[in-house]
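Quick one: structure below, then a few questions.
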Amino acid sequence: MQQKILTGKDIAEHNNKDSCWVIIHGKAYDVTEFLPEHPGGSKIILKYAGKDATEEFEPIHPPDTLDKYLDRSKHLGQVDMSTVTAEEKALDPDEEARQQRIASMPGLDQCFNLYDFESVAKRVMKKTAWAYYSSGADDEITLRENHSAYHKIWFRPRILVDVEKVDMSTTMLGSKCEIPFYVTATALGKLGNPEGEVLLTRAAARHGVIQMIPTLASCSFDEIVDAKKGDQVQWLQLYVNKDREVTKKIVQHAEKRGCKGLFITVDAPQLGRREKDMRTKFDDVGSNVQKTDADAVDRSQGAARAISSFIDPSLSWKDIPYFKSITKMPIVLKGVQRVEDVLKAIEHDIPAVVLSNHGGRQLDTAPSAIEILAEVMPELRRRNLQDRIEIYVDGGIRRASDIIKALCLGAKGVGVGRPFLYAMSAYGEPGVVRAMQLLKDEFEMGMRLIGVRSVAELGPEFVDARGLGMHSVPTPGDSLSFDVYDRLVAPAFAEKSKL
Amino acid sequence: MQQKILTGKDIAEHNNKDSCWVIIHGKAYDVTEFLPEHPGGSKIILKYAGKDATEEFEPIHPPDTLDKYLDRSKHLGQVDMSTVTAEEKALDPDEEARQQRIASMPGLDQCFNLYDFESVAKRVMKKTAWAYYSSGADDEITLRENHSAYHKIWFRPRILVDVEKVDMSTTMLGSKCEIPFYVTATALGKLGNPEGEVLLTRAAARHGVIQMIPTLASCSFDEIVDAKKGDQVQWLQLYVNKDREVTKKIVQHAEKRGCKGLFITVDAPQLGRREKDMRTKFDDVGSNVQKTDADAVDRSQGAARAISSFIDPSLSWKDIPYFKSITKMPIVLKGVQRVEDVLKAIEHDIPAVVLSNHGGRQLDTAPSAIEILAEVMPELRRRNLQDRIEIYVDGGIRRASDIIKALCLGAKGVGVGRPFLYAMSAYGEPGVVRAMQLLKDEFEMGMRLIGVRSVAELGPEFVDARGLGMHSVPTPGDSLSFDVYDRLVAPAFAEKSKL
Amino acid sequence: MQQKILTGKDIAEHNNKDSCWVIIHGKAYDVTEFLPEHPGGSKIILKYAGKDATEEFEPIHPPDTLDKYLDRSKHLGQVDMSTVTAEEKALDPDEEARQQRIASMPGLDQCFNLYDFESVAKRVMKKTAWAYYSSGADDEITLRENHSAYHKIWFRPRILVDVEKVDMSTTMLGSKCEIPFYVTATALGKLGNPEGEVLLTRAAARHGVIQMIPTLASCSFDEIVDAKKGDQVQWLQLYVNKDREVTKKIVQHAEKRGCKGLFITVDAPQLGRREKDMRTKFDDVGSNVQKTDADAVDRSQGAARAISSFIDPSLSWKDIPYFKSITKMPIVLKGVQRVEDVLKAIEHDIPAVVLSNHGGRQLDTAPSAIEILAEVMPELRRRNLQDRIEIYVDGGIRRASDIIKALCLGAKGVGVGRPFLYAMSAYGEPGVVRAMQLLKDEFEMGMRLIGVRSVAELGPEFVDARGLGMHSVPTPGDSLSFDVYDRLVAPAFAEKSKL
Amino acid sequence: MQQKILTGKDIAEHNNKDSCWVIIHGKAYDVTEFLPEHPGGSKIILKYAGKDATEEFEPIHPPDTLDKYLDRSKHLGQVDMSTVTAEEKALDPDEEARQQRIASMPGLDQCFNLYDFESVAKRVMKKTAWAYYSSGADDEITLRENHSAYHKIWFRPRILVDVEKVDMSTTMLGSKCEIPFYVTATALGKLGNPEGEVLLTRAAARHGVIQMIPTLASCSFDEIVDAKKGDQVQWLQLYVNKDREVTKKIVQHAEKRGCKGLFITVDAPQLGRREKDMRTKFDDVGSNVQKTDADAVDRSQGAARAISSFIDPSLSWKDIPYFKSITKMPIVLKGVQRVEDVLKAIEHDIPAVVLSNHGGRQLDTAPSAIEILAEVMPELRRRNLQDRIEIYVDGGIRRASDIIKALCLGAKGVGVGRPFLYAMSAYGEPGVVRAMQLLKDEFEMGMRLIGVRSVAELGPEFVDARGLGMHSVPTPGDSLSFDVYDRLVAPAFAEKSKL
């Protein structure tokens, strides 16, 4: 059926919640009925009702989104873009300042560690993108604990070992890799770089590093698989949909495309509240009109309903056999947080688990993976189960010394997520390549300095982890005595030169 | 007897401590003899001697105050208000700035958690009202510990449990409620909002939440009861008066009006010193004249005497039978702070206690309720007494995760006080409604994320509370080495753009 | 022999280290030979060589100093002061600012706690005086630990005790006092107030508080004793002189004048280095000429020698019998710092010790007295020696709750020093009176709130002191992750009013 | 062979990596082939290609460097310096500000402790020199822990001991010294002062202190030995070269010149990454051109290769007999970090070890030496091996009290490094002399105040070291409650004077 070419005026008439049309990549869509289903809320769509929404749509939806989620009958056809009035962009001083910063950003060779990428990214990324990547649940205590927990572990280096040659390669789920970390799954890669997750794929290829493909990627699954080189290893991260047929299709397609592992996310029956992200979004779409009515009560239910169609909160141990029945990929539980559930995973013949709190984005004051690891391994060893399951950890890793600590404590490998997103957001693929190289350099040095030659040698005797498990919260100080205390100072320089 | 209509001039003549008349709501009162009895001190009254004191009087006294505490002979009758010279208000730059802030305050939908209300309230409330609500005893160490103690408790979440439906309802003292918190008693609600505590009543009704009515409310007890809807549950908080007949009247009236519990405050034989409040009041009524005489000595005795008429410092375990004799309401001790006293309560057949340090307003470096709870429950279980008494806690709760932690550790429910006052002060009833909704949203998510479906499932296996009981005070740092340390910095951006 | 009246010109000729005359209170003195002996160094005297030194001399020397330490032959007689050119004072912007601050200082009734006096004193005292009072040894870690150690102790309050009447009186060394603290010995009272220590005596009299008279007072010993009222109790603090006859004279004179206890300082075989004080003095007397020669080596020996004439570093247990032989006053060791030495004191039949680190002015990272107390008492009880000796503590006490904690842990009483100096420096005698009253108010409230009626009831069951003994030094944070972390913020107010 | 006199123009033609000549001290050198070997990277040399590099070369290379490392054929001979165009120095505002600071720096007598030298040095040293001296590995956590670990140790002072005479002398490796510290080896002394390490030699002589001569000194080994006075004791620190003949020559030469100990560095199979240093160097030689290519990957390998020629990463226990075969000096292992390796050293008949983490410059989160010491000594005593080996510690020592703590815990002596470099950089030799004197003054006072008369008396009973081994990392605070908390404040002064 030949569709007529629509004009800007046609679209502009459907600019409200009773009839809402939007233009994306030169085509019009009727999204009126979809409004209440939109996981991101209807507000953000209504902002573009009757207008071109491409720029906003692009970074946060894979290319096949409209085909997948909007009935063909709502695809209204081509728009003559010459008839669409270009939106006059309000002069945005924040955006101007950001462009200035981008123009003066430091060279890639000035980044000496993973924080450096984060620091640059924070200043050159769009505020909303930064907020989405960097935010955590509630007070972001777990988010930060994930990192600082590693500072509770100290080395016990060994000396006078011949470390001229050190070998940092290992295997994960049977696949070889050059260094014991993998790129873990993180959503919406195009928020940081228009090319999205394929950049991570390419960088991982250069370094012999495994990549876990996220369900919520900005690139489509196939784009990411297409980007791999040679026998590069990829895994699939899976949010289980209420509709098991949808899930089955995803899983079997991934297996066919060569994925070597299925990582089922088990720490997100409901997506966490990330207030930094919420506050930033509000600035974007909210108005400043002071509302004091109680409609807040209803809104939250809308959000809950929307999410339930994507992630199934009823997922339970009973579903494990089903997954085994639909795939031969090793099934890994991602998001295990207590030793009891590791033991249960072994009972279910699960070959590996990821100890993880979802990067601090789900439940605040959930413990760090490294702390859980320190509880899990002794219990497994006590039961002689340490060889029955591979244990991975993620969250908070910023130095290769963190990776070495995790391996000493019994991890088979670790997942690194945000740091590569930041490197990609700031410097694209070369940023990720350099970030991985820095980890390799640090890793090699770390092995030498604790006196080991291979990953297999790493063991608990090289660390003092007694500090883990201590959650110290200092007694609040009294401000009166703090304020009145007269600090010691260094000798003063004369105010004027004696020359 | 027909009283003559008084004029502003008549009143103005009685403007000192030897003869002190004031106008309140258009009527004149002779308060000369009452001056030394006034719990707030005589100074604050003398400021209005011979003048209209309505505006100052209103927020901090229930409407029936003058009838209750001032002999009828001192009620001097109507004043012709047209003859009263309106007080010319000094231009107050602080108040102007506050009005500006009120005009630009954030919308209610920008409040995502309970701190947000507090932050807005701090900036839009009158300084004196803020100081009264927010202050604590001495150095406010306990005030803050109450909150930070929850950060010593970490979750041990369970995965792969079907949490599609979660039920957060429970019962307290036999009454059903939708979620395991209640609005605890806090004084002087009109300082925050001219309507006072009835706003809390109405919000509680919308959420199926129990309210505890304070002895020192700004609204009268009957106003608060009248505001309840249907079978809404209310409790009475009681300061025991030296005159037991006064107390008896209050208690029996409350029972008749349907209160379902009597919470006797046992942590306040004397009201605490809150220096932030004292300092703010001083600014208000004090002069800047430098006094260095020693009259300070006498003043404090005045305060002690005044208070003794309101709260009976001789209250003891011996009085418990008396209370049982005058009411059938369950008697609850509010302010228990050691396991020995919980055991004693059980011996006295007390059905419930509230572990509480009075919001950090009484004794500084008293421990947090949650820490006491962690000591109490194991002892009760050891003696198999855990079902003999319901344990409540209050103080420092700001997140639903705090409530979940308290329930895991054995609490039947928790009291939330200041956060609702702040929500009310900033946004009125809708503020409180939203605050409660946020707690419900957080609570539901929290249950899902630790893997439980009902309140009854919550137990100690879901938390790591080893950090409680550790009162860490870091060794003072040496400022010389701190100052000389040259922090690492992120890569610098060029000062000028390269564009 | 009639001495001739000297003129300013006569004096002015002796203005160097070979012949150094100074005027004090209208009389001339030849101090040439005394220069190398001066404990404060010769520099400070030479600054006034040939001039009137009264203003500098006055606050730091008791009136009888010249008689005691300078041979009569060096007393040159009266000076005709009209012939002495008044020193033109350089305009000192610091001093002007201080005078401004004095003119605008807060009223005494605005001081609600002991820190408040300290805060006012810091701003109204001369910089050198403040530095002398407030400084501690080395990095002042012990100085601050003394205070913060009390925050490691938490209360376990008891409820439902009749506390209408509470009695805070007690006895120390057999003398009654109204409250269990005493004014401990501190040097150079006139630095803070021209009247000096007698102000403390008078304030102590008003409150029924015991005073310990310092060896290094600015007032003479007799002035301080003359200031006492009725049966007011005073003790003597003693630095033991190398010349035992000097010491014997002091001790026996004190006994004759009615002193009820002899507190021998045992923690100061050498006076500590207080760098804040040194740095301030340097500013005062030092020049800014850059010296890089090595004469520093010699100077320090000068200081060591000077001090050795005042304090005997050879003082040891062997001297105890001597002191018993020269006085009937109870002999108390002030500055005991380990349980072994408390046991040794008992062996020597010493009736009391003061656990003290000299207000943090001697050895840095010496533990707080309260921590030592928590080690001492269980050991004494284990050996059933707890009634053989009275234990006092001092250092860091700022709240009556601190005193209550010390008594709960077994102290008979506590010494308070600097806070009264600060109160005196800021507000004179009324300041000290108010400071003591504030402690009494706090003490009374504290007793009520933990549920005790008398000092004798205080015991270890009212405190949780498990935190003592833990010297936690947090792991240094990594500045890179700290800097890059994007803190959560409260909702923003609109920049412009919506009015 | 007569070499012709070269001109500036001759040199200037060789200004790139294909042909790179430089002038040093008036002579020309062809360093083209050496470029890839240069441990500091080729970039820094190329900056001076075709130019006079003396100023840059001087401070970081001993005078005999060119003779040792550059083949004679590359020594091109004299340059007529009058023909060399003087480099016009760009006006550098940082350098100007530094010169200003030098002109107004405080006098040496204003330095009262070791931090003071550091504080002055930080402000008067060149940025690159400061960065080299002050930097540590990775996040510099170990760098700072080295110092702060001493604050975990508290004294238990003894009283009433005759301490009139105290003796702080001791022996190390059989040599007498006046105080139990030695000047440990630190590289590149001329960065701080043009005279370099000989200043440390001379200052050590004045104080009877042993000096350890660094392999990487700016002065040549012989210069440093020539500077010693009388029977002054020196030791040799050794980085073991891959070429054992080079090493043998160094060792045997040192023995011949009278060195009394051979300290083999065992904690540096690869030199650590010091990012502060890297970042500063980058500023110096790097351009601001934004590079985002991935050449970073290759560069790091260049660095690794360069280093391997200086330090042999294959050094192991098997090499110990070799060292014993080439020298009679006692062989000491510097950089031992675990008790197992101390035991192994004893098995190899090593007479002493230095517990050290290389000043926090090698492996971050390696523990402090003092913490390792606290683990080592009890284990040695348990096995009755405490007299079989001398234990030294270094790192973080800033106060004599730190030294006393180390000796109490069992160290024979301690190494002090950076503080003397800072004293030298700020004030030259007199600075170092004064720094040592300050340590002596502090040491003498510390002995008196803990009640000991000789070094031999120091033992574990004088310290409470329970805090060591606790690596406390506080739980991240929640910024929302922190921000909203309204701190208590001291009484305010009136804004305007009441005068």
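Order as written gives the chain letters A, B, C and D; numbering starts at 1 within each chain.
We take it that contacts are C-beta pairs under 8 Å (C-beta built on N, C-alpha and C of every residue); 3 or more make two chains touch, one makes a residue touch a chain.
Composition by chain, UniProt nomenclature: A, B, C, D = L-lactate dehydrogenase (cytochrome).
Predicted model, so just to flag it, every value in this text is computed and none were measured.
Taken together, subunit B and subunit D share the touching chains A, C. Between subunit A and subunit B, the superposing rotation on Cα atoms measures out at 90°, rounded to the nearest 5. Computed centre separation for the pair subunit A/subunit D is 41 angstrom, with centres defined by C-alpha atoms. Put simply, the C-alpha centre of subunit A and that of subunit C have 59 angstrom between them. Within subunit C, the positions touching two or more other chains are listed as 105-106, 110, 112-113, 115-116, 119, 139-141, 144, 148, 151-152, 275, 279, 288, 290, 467, 470-475, 478-480, 483-484, 488-491, 494, 498.
Across the complex, subunit C is touched by residues 100-101, 103-106, 110-112, 115-116, 119-120, 123, 138-139, 141, 266-267, 269-270, 272-273, 275, 278-279, 282, 286-294, 296-297, 299-300, 304, 308, 312-320, 333, 335-338, 340-341, 344, 362-367, 469-476, 478-480, 487-490 of subunit B. On subunit C, the positions that touch subunit A within their shared complex are 113, 115-116, 118-119, 122, 130, 134, 139-140, 144, 147-148, 151-152, 275-276, 279, 288, 290, 398, 467, 472, 474-475, 477-478, 480-481, 483-486, 488-489, 491, 494, 498. Remark: subunit A residues 105-110, 112-113, 139-141, 144-145, 148-164, 206, 399, 401, 427-431, 433-434, 437, 441-442, 444-446, 448-450, 464, 466-467, 470-474, 478-480, 483-484, 490-499 touch subunit D in the complex.
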